[in-house]
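Scrolling down, you'll hit the structures one after another.
Same chain, two partners: chain A is paired with chain B first, then with chain C.
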Partner chain A sequence: MKKINANFRSEFPFFMALPAVAWQFFFCYVPVVCLILLSFLRSGNTAFDTQAVTLENYTYFFSPLFALVIGRSLLLAFCTAFFCLLFAYPVSYCLAIKIRRFKNIFLFFLILPFWTSFMVQAYAWFFVLEHNGLINTILLNLGVISAPLHLLNTTLSIYIVMVYCYLPFMIMPLYTALEKIDRRFFEAAADLGATQWQTFTKLTIPLSMPGIKTGFFLVFVPAFGEFVIPTLLGGGKKLFVGSLISQYFFVARNPNIGSAFTVITCIVLLMAVGLLYWFFNRKTVLTLTQED
Partner chain B sequence: MIRSKNTLRYFLPVLAVAAYLFLYIPIIILIIFSFNKSDLPLVWEGFSWQWYIALWNSPDMWHALKNSLIVALCSVALSIVLGLFFVFYGSRNFLGKLLVMFYASLAMPEIVLAVGLLSLFSFFSVPLSLTTLIAGHTLIGLGYVVPILHSRFQELDKRYMEASLDLGATETQTLGLVIIPLMLQSLLAAALLVFVLSFDDFLISFFCSGGSTQTLPIYIFVMIRSGATPMINALSTILLVVSSLLVLIFSSLKIKKMDFLQ
Partner chain C sequence: MKNIRLENIKKSFSGEVILENINLTIPGGKIFALLGPSGSGKTTILRLIAGFETADEGRIYLGDEDITDTPVNQRHVNTVFQNYALFPHLNVFENIAFSQRIKKVPEEIVQQKVNKVIKTVHLEKHINKSIGQLSGGQQQRVAIARAIINEPEVLLLDEPLAALDLKLRERMLLELIDLQSTLKTTFVYVTHDQFEALTVADTMAIMNPDGQIEQIGTPKEIYEFPASSFVAQFVGSSNIFNGTLRIKDDQQYLEIEGVGACQILAPKGKEWIYDGAQVFMSVRPEKIDISKELLPGFSNHVQGTVASIVYHGRSTQYNVRLSNNKIVQVFEQNEEHFPKEVIDYDDVVYLMWQKENVVILEK
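Take a look at the complex of A and B:
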């Protein structure tokens, strides 16, 4: 009895740490396996059956139509991440390095969108983009246009709102990276006669590279599978990966084809992320050698 | 040379101001129109509280809010307890080496997790309900809780723990009386973060809830699709106020949300 007790006591930490691992295993890794299994079963089969194993779910997607959907999503994800970087860099830079007074207030307003619902943020744009919305009212009153522009339910509206919603995901890592830069580097650069532009390109950008990378992936990966924004603001006219997946599961009610498509998109995403990773790492090496 | 100096000096602040305007103009318009008398979303007819009153009297909203709160609170409790036990007890055996495993749910696009969970539940014919939702949200929560708590736990002075164990406290006593008080700030921060993530989550809720259980984001989504009314503005304004309060609490905890990702 004593031995069992002692054994139990030595194994106690193991059993206390186990539930989290089990949870992660059952609800993250097992689902992926289920998804892959489902994708190899003939339509209509949800339980595993060796008779129903097939590759036809995959061959179904050998068509330019689906390549177009995936390509469109890749382009959307890449452009979103790129424009987010473009917009987020100046604001993070100013906040992390330039501003001294009221910094907390500025920071508060920068963090706030991160904590507000995606749905609320997307909905807010209806008032800006609609027929009698803000942009059309301003442009009409200024006399730039004579008839209201058609802005809602277009690809443009999807892009604008995507950049808007994902901006905080870029700002946070950028700000963190920029704030970590030792101020003495800037002093040293100024002392050694570097112009502001040289300091910016040769010092600030390379040193904030970890933040750029993190932000780029934080935006790129979820933007690729985004479902809400294309559905609400695109009017469902153009299909993206997220909306197509949900259509297979909810409209066509064909989880087998749907999971095959999900697996294919995951493979494409992995390749895209790998490519980006290679690109970023190559670029840092280049900037470092330039500095030498 | 002087020109490039000046462009950089004025160019960046102007862009920064533009970014703030870009972030806040839509939100400000949204808030203004929540007080609109007209039921046409974009015609201003005067000030009124009527949409807030209509929202208060809407049973669907209360139902969705109740579901959202249940799911969020349960997944906060589960992911904090599981995460804390993993970080503390896992540091004492090989399970702690499995930390990497928890990054997977962060690295995958959420829609893949959502579809995966849906096929898991259909594979084992589990009926979709609030419970399946809690399972999914706890998974998302663990992806944030474990890295945050782990990085804080590594920073702790391990001598406190050794002293406590030397003086005869059991591991559980050490956890409750030494480790938890030392980690209180990051525990609160992680709890707040998981609460907001779960409360705002749409994809997992949409895929794993089944038709009957509506959470607040799904309620808003359905309302927007069936025709926008200023009631959504009222609801959005309230949610914005709540999230600003949460940000105030969170920033007073002095933990930067993204620190652990770098």
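Take a look at the complex of A and C:
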């Protein structure tokens, strides 16, 4: 028995990990290094050449225009994550703590959209938001509005669909974190005199913090670079980081400048994530556990 | 200290009746143990007193106050949970201080109270540790400290020592008894372990698997004078014989098939005691003497063959087969390293006991 365990520990994991590590290395780290190298080459150069090394690709971006695009994307990512958290928390809470029967069925229907492509989900929203779409039809028939609302191709529509599409990424870690909380903790808190609200702020939120953090990052990071939804539902009127990068690569066909911009956005994203990480680990936990 | 009174309590879970017609008075300022097998509803009674469950029918009183509809967080009752339910995100200090933080007690008073209560449970050294760093016994102490800091009128303990090893359990039991005599709080102690209940309780109630209370009394009363064959067999072990009661003049006998006539002392003034009545006789294994020779001075004896021997250390258990194939358990203290008489398998032995030491039970 002991021998088998020893063998298992020394040899098995190494071989098991190899394909994944190789995959990561060749298809993530190598391309990223290529991308960084590309960003230091003068436009039009794709092969490495010492003559073509330059920093000029980066100089383009010291302008308010690009700061605006990055800021807009940061705002979109933050708000998406924030509203996802706001909407997902009550759902996950009920599902994990309040509901006892048919819980897996409810969860299944909540996660179902997640199994369909983003593109399909985004297009489906066209029918909801367009001039003679679902929302306008309902509101018109109810007499709430007299003329159809202009919903499609607005920033609002981007936000709505972003929050909708990213919701499962928030629900899943939250649900998992909340489900793990021992029911007896709630009883113990009540036993010690806590009201439901006090139990929520002093127990439920701190104990679900790992889920909140995971969910927030799971939404925030991809939402920052999202380009399908802003492009489709914003009508391309406002540029976001993702759409700008895709424009450089696929429309302007200038991978050098595109790479430089990508590198800059990655740095911004890392800084933003670092800031959020600091925030979650210091401020929120402290204020929520010490105060009501 | 206030009594707890349960009146006509009924409780069912999804149609299945767990408790019915429960009438129980728990004396104040003492340790009361609720002993029963799993599924007997003892934990449900505890949860009803705590307020985690609501009774379908009946009232619960704490002293003269009807607390049936008082929400959990307003009852002057605190609970030590089976697996402690300590909050993993708070350290020892904050766990203990939880109820004080809820009440928004000023910081210095919280400090004072926690420091006082932590001394009571001997955890001074561990005050800043996280819950995960503590051993089972230490977690148990935190759970107790957290529950008593509020100075509750009643402390409910739900199988509090179930997760501890035997030695630690014995020590914690004595500490709990000490704690209770210091605090003078009413303790309600739920357990399925008869050893714990007998050790800790001033008064105890025995519940049967149907959710009924079979007997209430002091540990000694329960052990020596069980009120039913269930109690006799659940608390300690007991040899139960079926027999027919014979009352001739002022002599009382029990006719037992395969054993013969046994002298007994039947309880007086019971309507089920009459000549010819079918009754149970309960004899505790340690109340029976075993020997290869018939010793004088016993009111009853029977012959049998040793079927098996179980060595327990402080005592030896002999399982003796009677002529009717019934197995009788006998405990003998191992008083000597080299006993004068060695009893072995298949030996023919006499079992002897006094009529004062048997209990006659209604069938």
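As a working rule, the second predicted complex is superposed on the first by the 265 of 292 C-alpha atoms of A that agree within 3 Å, B and C clash if a C-alpha of one lies under 4 Å from a C-alpha of the other, contacts with A are read in each partner's own complex, and residues count from 1 in each chain.
Criterion: a residue touches a chain if its C-beta (ideal position, glycine included) is under 8 Å from a C-beta of that chain, and two chains touch if they have at least 3 such contacts.
Everything numeric here is computed off the predicted structure, so don't read it as measured data.
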Under the superposition described at the top, does placing chain B and chain C together on chain A give a clash or a fit? fit
Touching partner for A:F224 - first (chain B), second (chain C), both, neither: first
Counting only touches as set out at the top, which of chain B and chain C does A:V21 meet: first, second, both, neither? first
So, does A:I212 touch the first partner chain B, the second partner chain C, both, or neither? neither
When the two structures are overlaid on chain A, which partner does A:M119 contact: first (chain B), second (chain C), both, or neither? first
So, does A:F185 touch the first partner chain B, the second partner chain C, both, or neither? second
Return first, second, both or neither, reflecting whether A:G193 touches chain B, chain C, both chains, or no partner chain. second
Is A:K202 in contact with chain B, with chain C, with both, or with neither (first, second, both, neither)? second
Using the touch definition from the top, say if A:A260 reaches chain B (first), chain C (second), both or neither. neither
Min C-alpha distance, chain B to chain C, superposed, in Å, is 11
Show which residues of chain A both chain B and chain C reach, each in its own complex. 195
In the complex, chain A touches chain B at residues 12-14, 16-21, 23-25, 27-32, 34-35, 37-38, 46-48, 87-88, 90-91, 93-95, 98, 104, 107-121, 123-128, 130, 132-134, 164, 167, 172-173, 176-177, 195-197, 200, 210-211, 214, 218, 221-222, 224-228, 232, 241-242, 245-246, 249, 255, 258-259, 262, 265-266, 269
Within the complex, which stretch of chain B touches chain A? 1, 4-5, 8-9, 11-13, 15-16, 18-20, 22-27, 29-30, 33, 41-43, 82-83, 85-86, 88-90, 92-93, 95-96, 98, 101-102, 104-105, 107-113, 115-120, 122-123, 125, 135-136, 138-139, 142, 146, 171, 196, 199-200, 202-203, 206-207, 216-217, 220-221, 224-225, 228, 232, 236, 239-240, 243-244, 246-248, 250-251, 256-259, 261-262
In the complex, the residues of chain A that touch chain C are 182, 184-185, 187-195, 198, 202-203, 206-207, 209, 289
Given the complex with chain A, which residues does chain C contribute to the contact? 50-52, 71-74, 77-79, 81, 83, 85-90, 98-99, 101-103, 146-147, 150
